[in-house]
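Labels run A, B, C and D following the written order; every chain starts at residue 1.
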Amino acid sequence: MAELLAVRGLRVEFATDRGPAQVLDAINLDVGPGEVVGLVGESGCGKTTLARAILGVLPEGPARIRGGEVRFKGTDLLREDPATVNDRVRGRAITFIPQDPFTSFSPVFSVETQIMDLMKWKSPRATNGGPSPLLGRYPAARYRADREAVLATLRDVQIPEPARALRRLPHEFSGGQRQRLMIAMALLPRPDLIIADEPTTALDVTIQAQILKLLRALVKERGVSVLFTTHDLGTAHEICDRVVVMYAGQEMEAAPTEAFFGRPAHPYTRSLLASVPSAGGEIRDIPGEVPSLVAPPSGCRFHPRCEYATAECREVRPAPSMLAGGHGVRCHHPIVGADA
Amino acid sequence: MSSVSFVLARLARDRSALVGLVLIALLVLCAVLAPLLATHPDDVFELHPAERLRAPSGAHWLGTDRMGADVYSRLLFGARITIIIGIIAVGASLAIGVPIGLVAGYYHGWPSDSLMRVSDIFLAVPQVVLAIAIAQTLGPSLPNVILALSVTYWPWFARVVYAETRALQKEVFVESTAALGASPWRLTVLHVLPNIASPIIVRASIGMGFTILTAAALGFLGLGPPPPTPEWGRTIAESREFLPDAWWYAAAPGLAIFLTVMGFNLLGDGLRDVLDPRLRRSRTAQDG
Amino acid sequence: MTPPLLELADLVRHFPLRNAFGHRVGWLRAVDGVSLAVHPGETLGLVGESGCGKSTLGKTVMGIYTPTAGDIRFAGREIGRLAKRERRAVAKDLQYVYQDPGASLDPRWKVGPLLHEPLRIHTRLSRAEREREVRAILAAVGLPDAHLDLYPHELSGGQQRRVGLARILTLRPRLVILDEPTSGLDVSVQASVLKLFRSLQETFALTYVFISHDLSVVRAMCARIAVMYLGKIVELGDTAAVFEKPRHPYTQSLLAAVPLIGARRISQDFRLEGEPPNPRDVPSGCRFRTRCPLAQARCAEEEPALRPLDGRTVACHFA
Amino acid sequence: MATIELTVVAMIVSVLVGIPLGVLSALWRNSLLDHTLRVVTVSGLAIASFWLGIMLQLLFAMRLGWTPLNGRLQGFPPQSITGFYLLDAALTWDWATFGTALQHLALPAATLAFPALATLVRFTRAGVLDVMQSNFVLYERAMGLPRPLIVWKYILRSALTSTVTQIGLLFGILLAGAVVTEAVFDWPGIGTYAVNSILRSDYNAVMGFTVWAGAIFIVVNLLVDVAQTLVDPRERTT
């Protein structure tokens, strides 16, 4: 498959008071054209860090990239000139939907100012680079065309009275509406890939359902790929074509949604799915706790909590292996052939 | 608290806080050992008209003043006054401000509001101005300077304690301890106070610097302890008519004030970095 | 049937809305006439979206807010209007667990004193007797004695949570209100927490009021469930029956909105439009009518009362 | 009027210099500039202004002779329009007077501005660092907006909301400083008047001054509240 995004062997460290934490340990990840990929895992597993590493906006102080590549349409974003990436990739070919729609707008500027600032540099009509920062003028013809596009997209995300809505300040919108605005802003530059970081976590369940429905319809209609991080397995099932699960900075399994939930091959995936509360009232947890990333377990990081673990698991991290139907798993003892 | 040594260890790693600590230690040393360190310990009260306004030399490290007294020796004794003013004024402000802030912060209602309104009025007028008015009314003397400074500085503590107490009341552990059935007394003294100790300590350190600065300004304006007390601010005022020739006369006490206040400010900043958990949290890596 | 342990009768809690000058400009009707009964030994689930008043309800029962009107009867005694000192004594039997029980620990106290504190407040036990009690509780939540000498920040998140629960259990309360106890937790951690709640319920014969926005958790934990919308209960009944066949249109939408593994995609058939109105400005008549597919003229005029229907109670004219 | 001219000039200087320096210091955290500024600002808050004034006089007026020692002007004041000599001189096209007025003003204004400048630099730096952590900055960076736009439009505007509050406090520092600074430079303002009254033990004059200062301070705080609502649109609608 010709991948749109291919992350290979990405290693990221964070400096902490107790030493460097190995937040990403040689991660691989693929996103194909037009595909909605779910990145699931529990808090601290590194999914947000991975999303930010792909966007190139890791926290400047503590984070260090120790190796690997982030290939987007064939170019490695980590080795490309940073200014070019900022001009041509970020906000154009790859856009972003943040987790918290309440704080991701500047509270002091109107929505119009913020959207038009984005369009001034990132509109699909803008020539590469856009006007020079601060002093550059917004060409009048393009402004009018961009503004039309903005209004049309706001209608697509079902913001009532778009022209009036633009004049308002972010805090005058509800959480669900703000997330609709964020989706509009992510679509406006006509990207190839949207990175959505837990976009519905802060929302109520009925609003979440509306937003998921809207997002899936819009990206499918436009053929945009999405990398969707979430800790909620139900949400992942809802919106994704393919799901990748991470644990303590390592990716464990990547499979089409059906196979992921129906025939999980990795012991961690199985335990994770089993811990979802079921209607019968039976509750199963995963014994033990998530390990520290400062001194992580050797080999497969899940081995201390895994019932199948052997000496091999403690020593060597399993290489990716392919099962039938594009189902990848990194485990020395995958569970094959049985239904979950 | 097990954390005293921990705090000291962290402070020692913070370069500027360390400088602050050393400066303060030096000041205290000078004050305590003034009679031993001084080259001319009797010059505080004696006149040597023959040796007026000598430039710095081996005999007079920082020169002599208009009375022929050794500037260096007078500076050492001045440190005593400075420290006494600072400690008593800040101590008194703590004693007034902390309980007021705690009570006003814990109880909601008009008595609390009016307490804070009173402290607001004090804060509304610049401290120097208010201190001038008080010191002027009472007459220039050391106890009056201390009184003026205490009366004008306590609202700062009341403010800090009030704000911190109000913020802490929203913390789950305070609310849940109340829900457990704890009395207000138990809650404020055993839970709230220990948790707001850090900002109080920080404020006290910065307050020392601030108070010393204001005291010097009062001295400069002639509202400090009367001559021949070797107060630093007054010394600078005395020196002015002998400028530009007797530059050491003006420079030395100013530098002493500067280093002292600097010491307390640096220590206060360092303490804030070490003690404030909000800042510490932001330094640890976020995961997700 | 045994008499209810907790009984709410038309409980109301309004918050005044003030403008910049402190004048009251209206009321926020957070809890607006709620009646329900909790029986000894059961777990009652209280669900709804943010702003529906479920947490305010919990905190009003707990005495953190005083009721605007209505009765709170606990073990047969009205506790909503007691004097502060007497109300504090009730806390021995009626306890409240915050979303993160770990955050309810004073960071400057060690675990030992933290666990002693409730007993010091409410009992006259000697130090040795308290120590015995504390150790027993600590064992019940699955922590070793050695933890007594640690500060909360030296424990892991899961251990802090256990200490927080132990602190409440030292008093051997009869009713525990759990306020969003699993919100923000990962599923695997959530599973451990739920297991712990269950085992504690057995060991200490606890009665739970379980407040949550997470329907799947409520379904797993609670025998009965009350669904709240804008300060009112819209449907109340046995969990199995309500999940099987919800009767109130809001309950139906709420259940339909939950993404379930293996089920149909809600993004294909979810219908509910719009967002809940601001609780500062509650619609007339039925509060759900602005979003309700069944709404008719009558819904704007007449507020539906809870009526028995199909083995549960429902507040809807057309259910 | 003389006091206000001095205070306003000092305020303008500290705002125009302090805020950009604070932003730069936050942007280039732990750079040479940041460290230098840190030393300067810590000194600014530790130095006794009367001593700083005297030292400046010693250096620039007495030794180098670049500026006059004290006073507000030599010769006659310009035609009085606003009462601010600088402004009046400029309005009447009297550049010679403007020059001497500026010379006279330089040292006292610098003395007065120094601690205020230090406060502003520190505060702006802290504010900018704070805002840089916020989610909307992460969002704008993730969307690849040009860095200068993010810094000078979005971050600065948000950081200023808190700085505006500081300007009220700053006015207190300046006013307090003015009393002492005027005394050092014989600036014919209300501070000098107050100090002379102290020396003459004129009780009523001192009280009058205290009340005047308090009143000015309260008025300024009111203005700051108004400015706050202008800078922060959230205040307007809630």
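In this section, a contact is a pair of C-beta atoms (placed from the backbone, for glycine too) under 8 Å apart; a residue touches a chain by one contact, two chains touch by 3 or more.
Keep in mind the model is a prediction, meaning the values are calculated, not measured.
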Contacts common to chain C and chain D (chain labels): A, B
Most remote chain, CA-based centroid, reference being chain A: B
Inter-chain centre distance, chain A versus chain C - centres from mean C-alpha coordinates, in Å: 33
Chain centre separation (chain B, chain D; CA means) in Å: 24
Between chain D and chain A, distance of the C-alpha-averaged centres to the nearest whole Å: 47
Where chain A touches two or more other chains, by residue: 43
Interface residues, chain A side, partner chain D - complex: 52, 55, 57, 85-87, 89-92, 95-96, 98, 100, 103-109, 117-118, 121-122, 130, 133-134, 169, 171-172, 185, 195
Residues of chain B that touch chain D when the two form their complex: 16, 124-130, 132-133, 136-137, 209, 213, 216-217, 220-223, 233, 236-237, 239-240, 243-244, 247, 250-251, 253-254, 257-258, 261-262, 265-266, 269, 282
Residues of chain D touching chain B in the complex: 38, 42-43, 45-52, 54-55, 57-58, 62-63, 133, 172-173, 175-176, 179-180, 183, 194-195, 198-199, 201, 203, 206-207, 209-210, 213-214, 217-218, 221
Chain C residues within the chain B interface of the complex: 62-64, 88-92, 95-96, 98-100, 103-109, 117-118, 121-122, 167-168, 171
Parts of chain D lying in touch with chain A, wherever the complex brings them together: 134-136, 138-139, 141-149, 152-154, 157-158, 161, 231-234, 237
